[in-house]
Amino acid sequence: MIKIGIVGGTGYTGVELLRLLAQHPQAEIVAITSRGDAGTMVADMYPSLRGRVGLRFEDPAKANLAGCDVVFFATPNGIAMQQAPALLDAGVRVIDLAADFRIKDIAEWEKWYGMTHACPAWVERAVYGLPEINREQIRSARLIANPGCYPTAVQLGFMPLIKAGLVDINSLIADVKSGVSGAGRKAETHILFSEASDNFKAYGVAGHRHLPEVRQGLAGMAGAAVGLTFVPHLTPMIRGIHATLYAKIRSEADFQMLFEQAYAGEYFVDVLPPKSHPETRSVRSSNTCRIAVHRPQGGDTLVVLSVIDNLVKGAAGQAVQNMNLMFGLEETTGLCQLPLLP
Amino acid sequence: MIKIGIVGGTGYTGVELLRLLAQHPQAEIVAITSRGDAGTMVADMYPSLRGRVGLRFEDPAKANLAGCDVVFFATPNGIAMQQAPALLDAGVRVIDLAADFRIKDIAEWEKWYGMTHACPAWVERAVYGLPEINREQIRSARLIANPGCYPTAVQLGFMPLIKAGLVDINSLIADVKSGVSGAGRKAETHILFSEASDNFKAYGVAGHRHLPEVRQGLAGMAGAAVGLTFVPHLTPMIRGIHATLYAKIRSEADFQMLFEQAYAGEYFVDVLPPKSHPETRSVRSSNTCRIAVHRPQGGDTLVVLSVIDNLVKGAAGQAVQNMNLMFGLEETTGLCQLPLLP
Amino acid sequence: MIKIGIVGGTGYTGVELLRLLAQHPQAEIVAITSRGDAGTMVADMYPSLRGRVGLRFEDPAKANLAGCDVVFFATPNGIAMQQAPALLDAGVRVIDLAADFRIKDIAEWEKWYGMTHACPAWVERAVYGLPEINREQIRSARLIANPGCYPTAVQLGFMPLIKAGLVDINSLIADVKSGVSGAGRKAETHILFSEASDNFKAYGVAGHRHLPEVRQGLAGMAGAAVGLTFVPHLTPMIRGIHATLYAKIRSEADFQMLFEQAYAGEYFVDVLPPKSHPETRSVRSSNTCRIAVHRPQGGDTLVVLSVIDNLVKGAAGQAVQNMNLMFGLEETTGLCQLPLLP
Amino acid sequence: MIKIGIVGGTGYTGVELLRLLAQHPQAEIVAITSRGDAGTMVADMYPSLRGRVGLRFEDPAKANLAGCDVVFFATPNGIAMQQAPALLDAGVRVIDLAADFRIKDIAEWEKWYGMTHACPAWVERAVYGLPEINREQIRSARLIANPGCYPTAVQLGFMPLIKAGLVDINSLIADVKSGVSGAGRKAETHILFSEASDNFKAYGVAGHRHLPEVRQGLAGMAGAAVGLTFVPHLTPMIRGIHATLYAKIRSEADFQMLFEQAYAGEYFVDVLPPKSHPETRSVRSSNTCRIAVHRPQGGDTLVVLSVIDNLVKGAAGQAVQNMNLMFGLEETTGLCQLPLLP
């Protein structure tokens, strides 16, 4: 059994980690921390876990995280960079679900996140935890930067095209839509039910923190800087990301076959048949990414549709997938539950 | 492995059976039928099952249902009573998720369902599949009448009070609210998104088919006829039933303790602490019923709150629970997945 | 033109007052205050009002409220009782949309609201602003206690029965369901989209602040204390209240005709034909209450269904209706807009 | 008073016409037809209209449409082209809310709509009813082709850029999102509540009928054919369209000022301040289009956000706006109601 600690378990990625790990045959959650809710039974905050998770939230200062094999940080940005180094030095492996270790360019990170980075050295050593790209490095990683939700959907959607060099990398467009749980469980007015339901809007068009993360990932595939317009939207559903991606064709190919071959061996990426339109609910609660590729009217613009559950493949599920790789388990262990539909 | 057939698998209870059985360690689905969609891959209709369910819908006339150990009917009312007898005679066990075998009084059934019953003899032999009431009979049953969704929530909520004889059984009230999936996957105007969302209404106040089913169940507990007012409502959510139950106290007792003791050994019934309000999402996708009992203002009226997922404990999950009992498996096999929250 | 001030205009009842008054032919909004948002253009906070409402939120201390003909308090409970007396003494009429002046029994109010009342004398002089009950008193009132949303729906639903003395007033039950906007625009976790959507729950079963208000109103109709069980629920829609009311028949009558006659002259109360089920959306955005009366199975329990838009007939619309009466206008002025459906 | 007939009043554009016209000071609805529901009171089908619309649906064959000043067709595609010519010949003006007269190229229309056109001559004489483009022609038109919902949002969003010749018209992208009411009130499975809620998907990526309509409109502005990728999505809300438009800059300009000046005199088009994100709810129930223009990261791609209520500015409201122009009324008559928020 893998001894697991979770730092900051009261948010949606935290409770989703609990849901997945409580059903994982090799996982033993030994500590879960929360500064504000220390002492509270986890199952009192999340009645869905009653009878299955018997832990209490612990004060982070008192929890025996150093005795864990791996610690997940499900904290706001800026926490893991403070606390992870000590654990890493003690030999604990760390998976950060926030953004602290995702951007290799420290100055870029500091610009977008508005903080001075506390441990640039660990950024360099961190492995970006998108297994479909970095599987081998993840296996031996000590520190994983778990990808953002939008970046997961967008990178998996663009990857085959960019790696094959078939599209113009200077004019990529990602029009992305997220369910409201992507904004977390913070008490903020704009994500109240009465504000966010029966409504649709774009946000952060001037610049969203996932833009540099996606750009870095796509540049890595292309071997060159990319031009990307990234427009996020809030859509009135709880879970789900739908990325609609646009790319200009530079060289002809059988794009359907390209995608099918690129993901032929990937358990968690499902390329749909031609003319398909993946629905977010077809991956709800599962670690799967479903992708369809279109060439409308036979023109020169490709449209790729990519859907994930933002809390699973976009956060907690991918983190467990990374853990499985790091500990030599079958990559799919604990992650084979079928999507919930309807 | 238990060889399983599903008749009428294209509706919501059908796909939910598939979701549960595809993950059940002792289940082997060998046939699934649909008159209208014969030949279609199940996963083409339900992309959530891609890669996990490789079956095609078969014409009911051609499917080898007689070779199954058990056949589930996820059909409209009136189908199972036509087709089940032949299977039963062939030694196949049958679990009917519709209402054909639920009401023992044939005249009553015919009045509410507007059909002549095709096999009254099997109604008599059928066992009502609410394990928390009928567990022993279910183990040896050949034909299970799987309870309705409302009746499950209402009977589990009233049972401890009625069995203990503590409330007036002549003035029971069940004010029940259902998510829209309870109306099935029929293309009907009133359950369109634009009709049912951002809206709330009662329906069937003059008389709903679940009323005689609940009355029969409660009368069985009481050993006498009961007076019940039953008012169903449609609420804009996909899954979930919330029953708000009212009963006049006739004899004093520690009602919280009564409920806790009544369900102490039940894995799928969770009595919440005093002052709790169960949310439907706390049981979403799970086979659990959560119950709270209140006595507002210390008055003479008890209020019991009972929630289930209508497609799981209210339909497919309970059917699998019954199957487990019938085949000597651990009752919880394949049914331990944690609720999906948020 | 009636010169109008609004205190606390940033919440949902505030913006709804603005929507209605900006379209009212006799209304001139001269001041709107907000402590936290003083200086902000109203239309910057509520873009729906762009081009139509040119006001800025003002600091309450600086706004010329004393120069108004009437001031609406759309504030949290406990504010109006502090600020209204000075305005009233200056000859300004006041309509309080909060609860400060609703309960005549000061001790009862203080128990439920957890505060010492600041001006009991004005409670005595306040008129409860439910025009269908108190129309004549409202015309000459200086201070209106605008009813709560649940109390409006429940009182209008029970009134004909209780006034006629036809039901047992000791065992009344009100099972009430509210859209989420009823909880206001406060940034609180439980009303986040990801918490409140696709979910249904009861709350406040032990005791809700609208219980004493409803009890007082029903007692006034009955001429005696009433026994009432009051169970509120949160339902995933923005606007709307659906009250399902239960009463035991004591004397026979033509209950349909009773309701039709009781509300024959009321523009804002619509009694539906027999066997109807009013939907909340049928009154969305309008000041109408729709009511249906049922006697299921011909038994001894009546079921009354009553729906309103909680922000209109349950708050801002009723306040404008009261203003119209107070200033000698046609009662329906500015309130005839048709419901928005779908 | 303008005497008005409505053909096909049972769908969402029909009931929305009724809502608007019943409140229009110059409108007198004299006939409303429905083949399937002839004889039914309008208010029995739409209780929101009780007390305000006293008409019955009439058989189209019997209704006195020829006695009307104007007839609205709120019918499925292919009906108006059959029935409008006789009315037009009788001197009745016609506003078709369907697509029969929108596309000038008959062959193109027949390809997309799969029918032979019944009256090409009237297509030539029809005026495309987008007042912000065609106001003068509309005033004298006898037959109006009322624009589609997507085309309205997309054309208003692109118009200033294309008319000014500032963007590359060969690589335009319209990523558009619609509420479910855009699919109409047909009983179809994919728009059931349980299918469409808590879900997001693209559809019709290979080709949607609004594509040729938008292309025709944009080509008219550009004076040349345009290259457009058009991707529609279904989003779980009742009303609203959000168009996210992408265009490559060819010539520099102050784009904010360009938009503000282009729409300076337009009552129903509201250009938001820089950095704004219009929400669909900010126009819910109103005839307004709100637009914001962005240039992310100062790059060479402009992003225009354009929102409308698909049933108002995208259908019935625009139809009434056209009627006002045709009959010499103030263009805003009956269309000034404020949006419903929340």
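A, B, C and D are the chain letters, set down in written order, and residue numbers restart from 1 in every chain.
The criterion applied here is as follows: contacts are C-beta pairs under 8 Å (C-beta built on N, C-alpha and C of every residue); 3 or more make two chains touch, one makes a residue touch a chain.
All values derive from a computational prediction rather than experimental measurement.
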Review point. What chains touch chain A and also chain B?
Key: C, D
Check your understanding: Which chain's C-alpha centroid is most distant from that of chain A?
Key -> C
Review point. Just how far, in Å, is the C-alpha centre of chain D from the one of chain C?
Key: 36
Revision key, fill the gap. Note: chain C sits from chain B at a C-alpha centroid distance in Å of 39
Check your understanding: When the C-alpha atoms of chain B and chain D are each averaged to a single point, how far apart are the two points in Å?
Key -> 45
Review point. Which residues of chain C are in contact with two or more other chains?
Key: 12, 179, 181, 194-195, 197-198, 236, 238-239, 278-279, 281, 284, 342
Check your understanding: Can you list the chain B residues touching chain A in their complex?
Key -> 12, 15, 19, 22-23, 46-52, 181, 185, 197-198, 238-239, 270, 272, 276, 278-279, 281-286, 290, 336-342
Check your understanding: In their complex, what parts of chain B are in touch with chain C?
Key -> 171, 173, 175, 177, 179, 194-195, 197-203, 205-207, 211, 227, 229-231, 233, 235-240, 242, 244, 246, 248, 275, 277-281, 284, 294, 296-297, 299, 301, 303, 305, 307, 342
Point to revise | Contacting residues of chain C [partner chain A, same complex] | key: 12, 179-181, 183, 185, 187-189, 191-198, 236, 238
